[in-house]
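Chain nomenclature is as follows: A, B, C, D and E, assigned in order of appearance, with residue numbering initiated at 1 for each chain independently.
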């Protein structure tokens, strides 16, 4: 009897380990596969050149800058709206049907396919608000897309701030808002930022909604204004992949490497923040 | 430098004079152009257009030509409301689009830029297919087709299941192929393997000994080491013709040589940079089409297109 | 003042939903002006792009379901097992390294996954089962599964980590093995969090676009054979939005009807999940 | 005149009647200890004195609480000002996740002190009063979480002193600390009572006996006995007090 | 022969030397109390007796612990069987988030009891032994979280008894409870010692004095004094024990 239990215990330990290894292995295979295809064409020129019909001269400067612009504008919008919403739900809202509605709505929005956000963005920002197929319209769309993820992450972070800290502030004569601004937000900041970075790393890989909103592919200038036209990394990659010439497929793989590096940097930042934060309370 | 400073004071008459002067002068002249040219539409035309765009910008650094690859229809959706200046199209503009565009004060100008030969391909190891007729293709591809085995197509071909590959049903290629082969646009059997990505079709046919597929010539040209193109029997001459630049250009590759277009809107052509770009594009279209893997039109056809453009530009002034 | 501003911000999410519903609804209504809703629900053919048009949502629904189910079969058990390993077995150091690495998997752009499925997983499957079609549901859904795996693993692990130590100690003190503690105490206690992670992963799988567009093919058919190609609702929307169809045509309206169906589907899933997780929430 | 006076104070958590008719007068510059078994209402009562119960939903309070003669449950009372005057230290040290310096200046800044020099002075004064200055004066910019539990608790005391309160409420301030830290804080309380009025909840009867001037014994929400500490511990008039003191229960 | 014997037992948490050369003999069917200020190592020592420290990373143990004559730190010892024989009850009641019935049957099922009838009997027997049967016999299928704190703690005792242990380790089992529940459990312990050997950690000296046969006083990881309870409380031989007993610190 106990023998069997012991065998089971060991068996499942290795099974669980194997499952974990499977995920890690998938990542390794994926990365190796991409490196194998993309490394030969990865060079400094590739980063600093604009796209070209000539694969030897083509680069992703416009795509990198476009992605940076879009993410750069998405981040503050999503951060402000996400944190404000989370604060309202966690610190102010009464637990009534309306609050539950908002909460349900947020978790539902997190599951809405991204292309539907693209359709909304086209109708609302490009057309109704007359922003055209601009960086700003793209950023607004992306902000709505990542908002639910940011809200949920911020809620978790705010909830994780111990009640005793709030009481500490109240006992010093702080008002509710002073407590939130002075104690709750700073304490929750690393958690909020982690969620923010993880959701932005999702946004940076999105293709479909921005194509629908009207991002271009072939852009040979560096955007300088939120109303400029733009392209982003995944769109550039997607268009290269569908070219007939094999050289472009290699470029696509190089582009993917760049995208993965950006992503890794973002995740690494998130991990650093999280590790710092977990030590705190 | 100098020219740019002169520009604001130059009268319309000066400009007309300048235009008539030597080409070197003319090029310096166009350096003054600025602003943007926005293009969307078919991914088939995209490779030609970006060559034109890049070369144009080399000569006119002040102009930004941006090209999106949205599909013909997706592009027209933006074009018909004036969000883009030019639409790349692998199928002809529809009446509904023309009407919708009219509501926004937009009128199309249709310019043919090249031929795209749809190519029927089989696996490299396929040694029994040496040509096919339109009827045979129709038999394979028509709705409710009964063809299951190669032997159903032509007596003597092996009794092996025929695996069919074709482009996505929302593409211009699909529309044109069905129109030419089956006789009605978008009328096709549905039990084949479609893909949006022609590279994937290449892989599919290359990996499957008894397969057959069709897609644009450019994708065949890049992969001719992996695939075998099927000569198509010209319905008029009854001769089997291999797709090639000459065959398409001289019109013997029939009926699968199709035209591809750009549609600048007449309103956009009022902008000097758009007009200049389109002129530049049409002047060099033959070269660019070749470079992108497509077949240029015969020279006299380009002359017709350019004339149409000139007239349209004149009418706009 | 402050609560007002915060409250207004929280309304943005509600307005987003309203916006989505409005945008989808107007065209959906136009669509159903031309196509009978009966056909939409009952027909088993979906061919809006062909000359012979049929508008039965069933093939897309089946395609979506097949992708989702297989992806879940990959992601839910492996994700849960990973979560258990990380929270119950792995030393702290391993956990701190593995978890963020797995999270990278969640952030890999989906087009990257799409080509990974097509150029790596599909040939692998075809070398094992040669009659597999080059685009097939299996390859796409395995890769979708890999994509959502870290979501399941990471969120379930968070939920398990939140189970108080004292419950584990209680079971150990009764002579339970580590496996028994994990299976009989930790998993049941974390169940509502685990279900939440499942639901989030499922909605992500249902909504996944580029992987299926690239690797599952574009053939809308009612099949239950994962080795054949299928089309999902999202893939159809992408194909039409990026394709050559003329604006204003019935094809282009059909994507809104499909989008609406998808929206209703994820909403239903979420509501069911909320119900289940409230029901099984164990207080501690 | 007593600085704190409660009259017929009752408190309900929803249906649960947690405090029953409490009447207490607390003298200035003294240490008053509240003892009693777990759940008897010590913390609840303490929190009525600076209205920290306001944050708990469904709390109902009747009767009056006067601090320095003013009824603090009257409408129009500024709760933030009240809490500034009546400081509080909790059972678990709860420094903010900021630097030591910022922990101390948090309160003064709330109440409008912005002058850098003035803030520096407050930090030094409060840390000295909490007997922590010597240990931390060189690491003021370091995070408060680096301190030991006992140091953290003294930091919390310093933080409370920094807003210059008249009264200091302490809810089992040493129960999470080791004996040495506890001894330090007890010593400190003895000094602080020169300047402040201190009310302390403790589950440790020895502690109450050691440090307090008066002791109140609570049982099931009732104030059973309230008297000078030596009287309570050596000569209680209520049988229940005696049973508790001698360890017959609790 | 003593049922528990430790010889030169040392325990390190990483660098921290938490137990120093502990030698204790514990008799069968007795109640032994461990007292001492917070952090002195009481809980740590208790957990060495059923190897609950195994789960904590970086713990190093030297010396021997014998339970019923067998060295439990030898290789080859079946830890699960050991823990079945040496049951444990914790400071915080920790019922599983399951029904009362499932809480009790959790242990027996682990150890192979599947017969429904037999399980029913075990539930009744254990609940009766823990003096909880009358209060819960009609709500066995209800979640354990519906019980009060004191009932939950008795449930945890019943749960420990259900696997039929010889020894029961209890780490401050009443410190989270109200006086009435505490009294009930103390009464219960007195009954249980007929059948089981009980080792209890408590911070409440009165409790130790009331219920235990022998008392061990720990300080900073050292076992300062271990003797019959009346001796420890009335006539300790070590000055530090006396100081602690009389409330001079802690």
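Heads up, the rule we're going with is that a residue touches a chain if its C-beta (ideal position, glycine included) is under 8 Å from a C-beta of that chain, and two chains touch if they have at least 3 such contacts.
Just so you know, these numbers come straight off a predicted model, no measurement behind them.
Common neighbours of subunit A and subunit B under the contact rule above are C.
Ranked by how far their CA centres sit from the centre of subunit A, the chains are topped by E. If each chain is reduced to the average of its C-alpha atoms, the one that sits nearest the average of all protein C-alpha atoms is A. When chain pairs are compared by contacting C-beta pairs, A-C ranks highest.
Centre-to-centre separation between subunit A and subunit E, using Cα means, comes to 50 Å. Subunit E has its Cα centroid 83 Å from the Cα centroid of subunit B. Put simply, the C-alpha centre of subunit A and that of subunit D have 46 angstrom between them.
Multi-chain contact residues of subunit C (touching two or more other chains) are listed as 177, 180, 241-242. Looking at subunit A, one finds that residues 5, 211, 241 touch two or more other chains.
Those residues of subunit D in touch with two or more other chains do not exist in this structure.
Under the touch rule stated earlier, the contacting chain pairs are A-B, A-C, A-D, A-E, B-C, C-E, D-E. Interface of subunit A with subunit C (complex): residues 5-6, 8-9, 12-13, 15-20, 22-24, 26-27, 29-30, 33-34, 80-81, 84-85, 87-89, 92-93, 101-102, 104-120, 123-124, 144, 147-148, 151, 177, 198, 201-202, 204-208, 211-212, 233-234, 237-238, 241, 252, 256, 259-260, 263-264, 266-268, 270-271, 274-275.
Across the complex, subunit C is touched by residues 42, 70-74, 76-77, 80, 89-91, 94, 96-97, 100, 143, 165, 168-172, 174-175, 178, 184-188, 190-197, 200, 203-204, 207-208 of subunit B. Per the touch definition, subunit A reaches subunit B in the complex via residues 51-53, 126-127, 132-133, 211, 214-221, 229, 231, 239, 241-246, 249.
Subunit D meets subunit E in the complex at residues 37-39, 176-179, 182-183, 204-207, 209-210, 246-250.
Those residues of subunit A whose C-beta lies close enough to touch subunit D in the complex are 162, 164-165, 167-175, 178, 182-183, 186-187, 279-281.
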